[in-house]
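Going in written order, the chains are labelled A, B, C, D, E and F, and every chain counts its residues from 1.
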Amino acid sequence: MRLTVSRKAHFNAAHRLYRKEWSMEKNNQVFGKCNNPNFHGHNYELIVSITGQVDPETGYVIDMKILADLIKVHIEDAFDHKNLNLDVPEFKDLIPTAEHIAVVIYEKLRTHLPEAMALQITLYETPKNFVTYAGDKY
Amino acid sequence: MRLTVSRKAHFNAAHRLYRKEWSMEKNNQVFGKCNNPNFHGHNYELIVSITGQVDPETGYVIDMKILADLIKVHIEDAFDHKNLNLDVPEFKDLIPTAEHIAVVIYEKLRTHLPEAMALQITLYETPKNFVTYAGDKY
Amino acid sequence: MRLTVSRKAHFNAAHRLYRKEWSMEKNNQVFGKCNNPNFHGHNYELIVSITGQVDPETGYVIDMKILADLIKVHIEDAFDHKNLNLDVPEFKDLIPTAEHIAVVIYEKLRTHLPEAMALQITLYETPKNFVTYAGDKY
Amino acid sequence: MRLTVSRKAHFNAAHRLYRKEWSMEKNNQVFGKCNNPNFHGHNYELIVSITGQVDPETGYVIDMKILADLIKVHIEDAFDHKNLNLDVPEFKDLIPTAEHIAVVIYEKLRTHLPEAMALQITLYETPKNFVTYAGDKY
Amino acid sequence: MRLTVSRKAHFNAAHRLYRKEWSMEKNNQVFGKCNNPNFHGHNYELIVSITGQVDPETGYVIDMKILADLIKVHIEDAFDHKNLNLDVPEFKDLIPTAEHIAVVIYEKLRTHLPEAMALQITLYETPKNFVTYAGDKY
Amino acid sequence: MRLTVSRKAHFNAAHRLYRKEWSMEKNNQVFGKCNNPNFHGHNYELIVSITGQVDPETGYVIDMKILADLIKVHIEDAFDHKNLNLDVPEFKDLIPTAEHIAVVIYEKLRTHLPEAMALQITLYETPKNFVTYAGDKY
């Protein structure tokens, strides 16, 4: 019996979208007001989905307390109330678009999960915009 | 033309997570406060999704009134305002985790749907925790 | 400058609605399926609203961390994953309707807030049913 | 790196479900109150999901402003505050069920997107009923 | 002990905003695309709030089943899947703006409630637009 | 006939909570992680509520297009994708707590509305925290 279990979480962060090697003009053209040099921010809503076999003893795919703790330690503590560009090392040379944030979250959590479990990340940047990433298998 | 149609429903129920053959200590260690012997409860939010061909005459995959009635008779009437452990026969020897409840709902509805229609169950136990089950094909 | 600040929280609990001194028949007539002797349950969504002057130094009516902690210690820890009838002393002789739960929450929090702050409790028993209580001044 | 990005939109419209060549009696039997000759209506909530490679320069699968504009011009301007049966040419001979509306939206947007991007449409007709369509590949 | 209890409901309807005695030009100027002669429509979300004393025997302000039935019989059955302009007598000479619909709902329910209970109607025409009406006392 | 009409809007912004004249230590003690010198951010959800008489000719308290435009020009264009501390003059010497932002929005909109209309601002800083301000009359 293979199921997917999902857990919601969230973090609030500032960011700016721009390429260092581009002119301000080109950055404005591509990223518009997301290129504000003083930053803007979002309440990011996160859904972490894990697919695996149900443990016949517990009836769990994964204990939700364990999953919630993994998300807290590796994602919320690292991203919440942070400036993604300045405070989070993964975005030193990576533009913090929603796409890239989802990939970074995927890779941070992937290493803490058994190989047999599939992982999918859904990240809402605003209530109207969200992205989904599920690694290679996607 | 193959589409998926989804219908939301809900039921309120009490449950307790524990294995009869385990000690209270072991049950507390695995299930934490979900092992309260006096039970706790949830507003379960259910999404039933059916994938099939669009009927060229009606423009429907399935008549939503028929689907809503199936859910009412087989799920809501059976689970709503019930104690899952004590009142629902399917959980007599099956721990009522969200995973198991989703599997039971899948199997109860599966028998009432044509073979050619695929079925997927999404069950929210809380606004932050949910599971998805789609049977063998998953 | 007088404002209202609100904080959401939630707890999951089992309950049963019935009057001990009434017959089962009369209880069924008045409380319907809410009188299931084996209990049923809900995800209660809570909004605690506090009205007061904005502190000119901090720009806060009340520090949200302090309010969140008050709610956690006095409400969530007391009600979450509990059977309201059996585990919560306030409901030993009080039927745990949404109305009564809101009044109990109000009285538990009221004693921990300065007199000058007004308090209002909104409690969702289901996504479709909720109650609001604001004490005497209402 | 292949991801899915999704954008929400909405439009309000009137419609009626019926087959011209059927009797009023048969239409009532199949479509029930959706066959009201004076029409009824909905707030349609739309999710457009696009799957593709992340552009290594911008970190975007697709610029959300471009996607939002495509949706505005081809869907919202065409459907919003319209009578789907009378004002929208695609439904002249096609019953405007949620299934058919999703297919029409898919086909209208598909022609404006690069071949390499996959497209999926989710359409909520009411908060409880929704459909998903992803073209041939589904 | 005085509390407010609220119950959500919904109905789907078509409508058109225009004054019969005005020219098409003036109606377009005032009502814009809401003046589509072929109608458009909405999923109206309704919250009915009743304020009163808690009954010391039941712990209820009003039995939610009774309130839900009142809403079903007098509002949902009268408005759901209807064209407000053509099918609902109250709007024969009254423009069905959200404001007017809320007032009509208030007046229809007011007559079925005890004098001692205060009534408030909240009506969402879209997820972004809503109105609140509470009669004279407001 | 006096009603309240409400319109939702939103903006994304960065901010930092701190008092210039306080030490970093004292700012951390009072504002915690909200005092990150590199800023963090939010998706602010705004509800603007206006209470007034219904115009007997239009059936409107206020034309929602006019209200939506007022919010766009005076609030969204001024705050969206901005750093509240650095880019918005009103917060040059005012800590941008949710309370203060609500008061600033109130005062910016108040001057553009007729005296006879009452105004109330509800501002969600996160899905769990929100504030309400209605000026002097509150």
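Rule of thumb we're sticking to: a residue touches a chain if its C-beta (ideal position, glycine included) is under 8 Å from a C-beta of that chain, and two chains touch if they have at least 3 such contacts.
Because the structure is a prediction, the values reported are computed rather than measured.
Asker: What chains touch subunit B and also subunit F?
Answerer: A, C
Asker: Distance-wise, how many Å sit between the C-alpha centres of subunit A and subunit D, to the nearest whole number?
Answerer: Whole-Å distance between the two chain centres: 28.
Asker: Of all residues in subunit A, which are in touch with two or more distinct other chains?
Answerer: If we look for residues of subunit A contacting two or more partner chains, we find 127.
Asker: Can you work out from the touch definition every pair of chains that touches here?
Answerer: Touching chain pairs, listed by label, come out as A-B, A-D, A-F, B-C, B-D, C-E, C-F, D-E, E-F.
Asker: Would you mind writing out the residues of subunit A in touch with subunit F in their complex?
Answerer: Residue list for subunit A touching subunit F: 10, 12-15, 33-34, 36, 38-43, 45, 80-83, 86-87, 126-127.
Asker: Taking the touch rule as given, give the residues of subunit A at its contact with subunit B in the complex, in rising order.
Answerer: 1-9, 49, 54, 57-61, 63-65
Asker: Considering only the defined contacts, which subunit D positions touch subunit B in the complex?
Answerer: 17, 19, 30-32, 94-100, 102-103, 127-133, 138
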